[in-house]
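Look at the two complexes coming up: chain A is in both, with chain B in one and chain C in the other.
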Partner chain A sequence: MSTEDAPTRKLILYVAGETPKSLAAISNLERICREHLPGKYRIEVIDLKKNPQLAREHKIVAIPTLVRELPIPIRKIIGDLSDEQKVLVNLKVE
Partner chain B sequence: MSDSRLPTKSIAKSPTGISGFDDLTLGGLPTGRPTLVCGTAGCGKTLFAATFLVHGARELGEPGVFVSFEERPSDIVDNVASLGFDLEALIESEKVIIEHIAVDPSEVAEIGDFDLEGLFLRLELAIDTIGAKRVVLDTIESLFSAFTNQAVLRAEIRRLFDWLKDRGLTTVITGERGDGALTRQGLEEYVSDCVLLLDHRVQNQISTRRLRIVKYRGSSHGTNEYPFLIDQGGFSVLPVSSLGLNHRVLDERVSTGVHDLDAMIGGGGFHRGSSILISGVAGSGKSSLAASFVDTACKAGQRAVFFSFEESEDQTVRNMRSLGIDLGEHLAAGRMKYVAARPTFYSLEMHLALMLREAMAFRPDIFVLDPLSAFTETGNRSEVHAMLLRIVDFLKSEGITGVLTHLTQNGQTVIETDSGLSSLMDAWILLLNRESNGEFNRELYLLKARGLSHSNQVREFVMDSDGIRLMLPYMGQGKALTGAARRVAEAQERRQERLREIEAEKAQHLIEQRRRRTLAQIEILRSELEADEAELRGLVETETDRRTQIETDEAEMRQSRGKR
Partner chain C sequence: MRDSQEQALQSLIDDLRQRVAEAEETLSAIRDGSVDAVVVGGEGQDEVLVIGDDVSAFRNFMEAMEPGAVAVDSAGRLLYANARFRQIFCEDWDQLKGKSLSEILPGSAAQMVGKLISHDDHEAAPLSVSFLERGVERNYLVSARPVHLGTVRGFAVTFSDLTERVRAETAERAQRVANAIIASANEAVIVCDRTLTITHANFAAEALSTEKLVGARLDTAIPLKFPDATGILEVGELVESSLGGTPLRSIEAFAPMSPGAHDVLVSAAPLNISDDEPEGCVLTLVDLSQRKKDERQMHLLMRELDHRVKNTLALVLSISKRTAASEETLEGFQGAFSGRIEALAATHNLLAGASWESLSLRQIFGAEVLPYTETGSDRINIIGPDLNLYPRAAIALGLIFHELATNAIKYGALSGETGAINLEIHPRTDSPSIEVTWTERGGPPVKSFSRKGFGHTVIARSLSYSPHGGTTLEFEPTGVVCHIRIPSSDVA
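Here is the complex of A and B:
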């Protein structure tokens, strides 16, 4: 795989409080990254309950939302990320 | 609107600041509850919502959050500026926040369960920032195109409505109209406490906006379709149907401006607040007579509004000047308002609405509509009749004297044509233009004048630079004549009169002569008598002298004999 040289990229996961959906999304994402994309992505979790103005700034409507800013175009995935294959497709890594 | 219709204090209401609408709903939208405003594209949903929000923020100290799912904030600011709202200033003074919630489906993928907590958080933040009391969601169903999981969306929107209600926010939600249902999703109308339907209908190529209150939980409301208007003056609903027959009756009289016409009506003029129809064929002087009403009223310091559907302001002013009526002076003094529009410019409803709005704003004493018949071409007769009914009801309830002109076509049986109008009118002046002896003569007839004794004469109607006059009819020889025929007859009469006068003079002369002659004869006889008397006196004197002489002579004789 040629992507092995690629730099680490940031994935931002927006959640709101410790709801079951949010917690599921966090654990699903961590698992997917660990199992399929080791070292490629850095995960940042932002709790909008604590910083609601960030929802406005980053145009977040649905919770949880996963944002991959790079490579462009910006990709947003909403939901608890329960379907591993779909997540990988949307992150464009196989 | 009469307050008697108001039920015992029901739910609290928040005024929208939309003239007419607050009357219809007896106060406005339900406070602390969601209201759905639905309709097709371009029927004014967003402007309705914006008016509601701005009114609250500006007039009532109720800050508001405008949540836009479609338009960008800068577009909204520009759009409502056309209604005269300075949204920018309200945003700067923290009375309004525009929250733009855009979801681009192309960059979003859905994997698994989600909710719209982000929307709630953003809304909460905006509401708390300015302490909002009013919220507008425009148009919430945009979310449905952004997300594929409709079940989640429906649940979340329900939750949103409950959330807004719990926080006591008066909310306006706009929704696009769906097929056979009020909204595409068929959701909003059930969770809203009040549903308004805006409509934009085109009939005979003329469009009219209409508003209907579909439901209003816990409140009575007007149920009809009401035309509404969006213009520089903002959003206004015109509850023209809510008028009745319980108007005041006034005994005061208004002059027609034509002295001779006033004289035909017992008491000198029509009742104030009555509706006067002037009907006649083309060129019979309808507008001029109407202008005469206006002129007189304005000269007496009253106000008049003149709606013309045929002539422009300048044209009317110029034309009336030829009759010695200076409308320009009244217009300049602000006592008169002239509104000119083509009948095809708006629908019937809209014309009506505009006219009533002008009248309400200007508060005139005289209301002129010239001519009514212009509408029969744009609407059918029953619609025109209904419109007229509303105008008349409105004018009566306001105590405004209405002068309406109606053009009748040549050859039509006048009374048949106008039967629909007749019953609504208190007075009806018929202007005729009759051809006889090679000329047309204008004639005026007072066909009807409710509650007033009036002359039954057909009078000749003359317009010249001295104004309008009614000629006394020629009434000789058992017929009434007008125009040249009248003048001929009058001249004939004058000639005959002259002849009679000459005859009489002659006879007088003769008698005088005879009298003088007789007097002279009397004089002669008297002098003869005097002469006779003088002669008689002379004779008597001579006789007396003679007797005295005889006696003297006898005495002398006796004396002389005795002495001897």
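Here is the complex of A and C:
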């Protein structure tokens, strides 16, 4: 499936305030999506420092974690998303 | 029924497998440090725990720092920026966080700071960067130190504002350069403010006043008088005019109180330091003493030249008339007249070469007499000290020598092969005259001039302009002897 045909990704990034890894994950995700999924993504950043109870919906344990909610099935990527290839594989872009 | 039980069991197994895989991935992420917070649940309440050092103390410390300070991870991404840094680049932290330092800093500064944080094993020397901040160039000393923030390694980068110091240094240097320029100018340079108080003056300017110039009022320290033609009455008007946007150049002025030059050429230009109105005036005063002296000398020379030309024309006219009266043929007139004018010209040439100051008697003799003898001949002998004669005596003596030589060629010592001429220059004494004796010998027997022509008159009268000048002509049997008296006042 090419990038052009790909459905919109709904991505939820769970972070813990402004920890170094959280900031790195936000920065990496924005860059990867901008470069590889232009116009085909929606990102929601959830700060679990502020709302820790939101971790339950996707059973989040380690932060940062990225959840690809759409398209199903749900996929999780744990870490600061610095491994671009791993992120792209999980987002089914590559 | 059995199939549906098996399917449910398989689904449970798949779910358990996925959970185990997730748990393994989570543990691995915690172990390799790619996460720095975990969610822990207790008594139905979830809580987020940050792994690693508490970075809040570090942040508080950075916030209190006066220089701009940021914490970046090893990729240069902003993890934290204090208030001063945000003030410099962007007030909104949400726009800064996670951004790379190279995206925030302007081009060249980004490259330089990028190199600073590429050394993760050692601390690089601080470097100076400058960039425009809200349209104004500012200078910062940037230093970076490796730090651990939570689970990551990164850098603390500080931006110390050197702008004011650099500006002060630049201004100080500019001031030194300006002072050096003023000091090294050969002409007098004076800078005064709008109230005519002198703020700068070089060495040449100090020589124009008896008092210390800096701090004094221009119009009292160096009072200047201007010729009526300039329409300026005092130096204050000059300054006012230049402050009003009309610089004045090369105005002649007189400095009556100056211990140095009195005649000066003044120029005044506004001192523009900013776009506002001029803060003062820069005056240059060129010493005109030498030029004035030269002008006076030139006028003197012009008058002298006029006088000499008139005298010479009168002399030529007289020579022409007298020669015509004493010569019987046109050929005789042409020869005698040309010879006399050439004699006059020879002395003139010598005088012109000596700037019409004085001529050596030997030079005059050489110009008028030696052309009639063979080179290296011992028929001409000069003894005694040389004399330097002023133009009047030099011209007269030139004509006398010419007439004596012409006579010697025609009738005297130089008319044959064996005759000789002795010129004896007598030493100078207290007498108002100095004597020079022309003695011919070895020529044919001498008779007195049968007819006293103009040549005789020239010899007799040329030096008679002074009571102490004159000639006595004797016709000895051995040859002509001429005693020439030159006025001592015409000898240098």
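Everything below uses one rule, namely that the second predicted complex is superposed on the first by the 88 of 94 C-alpha atoms of A that agree within 3 Å, B and C clash if a C-alpha of one lies under 4 Å from a C-alpha of the other, contacts with A are read in each partner's own complex, and residues count from 1 in each chain.
FYI, contacts are C-beta pairs under 8 Å (C-beta built on N, C-alpha and C of every residue); 3 or more make two chains touch, one makes a residue touch a chain.
Just so you know, these numbers come straight off a predicted model, no measurement behind them.
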First (chain B), second (chain C), both or neither touched by A:Y41: neither
First (chain B), second (chain C), both or neither touched by A:E18: second
Which of chain B and chain C A:A55 touches, first, second, both or neither: both
Touching partner for A:I26 - first (chain B), second (chain C), both, neither: second
Which superposed partner A:I74 touches (first chain B, second chain C, both, neither): first
Contacts of A:V87 with chain B and chain C, given as first, second, both or neither: first
Chain B/chain C common contact set on chain A: 16-17, 19, 21, 24, 48-49, 52-53, 55-56, 59-65, 76, 78-80, 82
Complex contacts: residues of chain C adjacent to chain A: 22, 25-26, 29-30, 34-39, 45-48, 50, 55, 73, 75, 77-80, 97-100, 149-152, 154
Interface residues, chain A side, partner chain C - complex: 16-24, 26-27, 30, 48-49, 52-53, 55-56, 59-65, 76, 78-80, 82
Of all residues in chain A, those that touch chain B in their complex: 14, 16-17, 19, 21, 24-25, 28, 48-49, 52-53, 55-56, 59-65, 73-83, 86-87, 90
Sites on chain B touched by chain A in the complex: 99, 101-103, 107-119, 121-122, 124-125, 143, 146-147
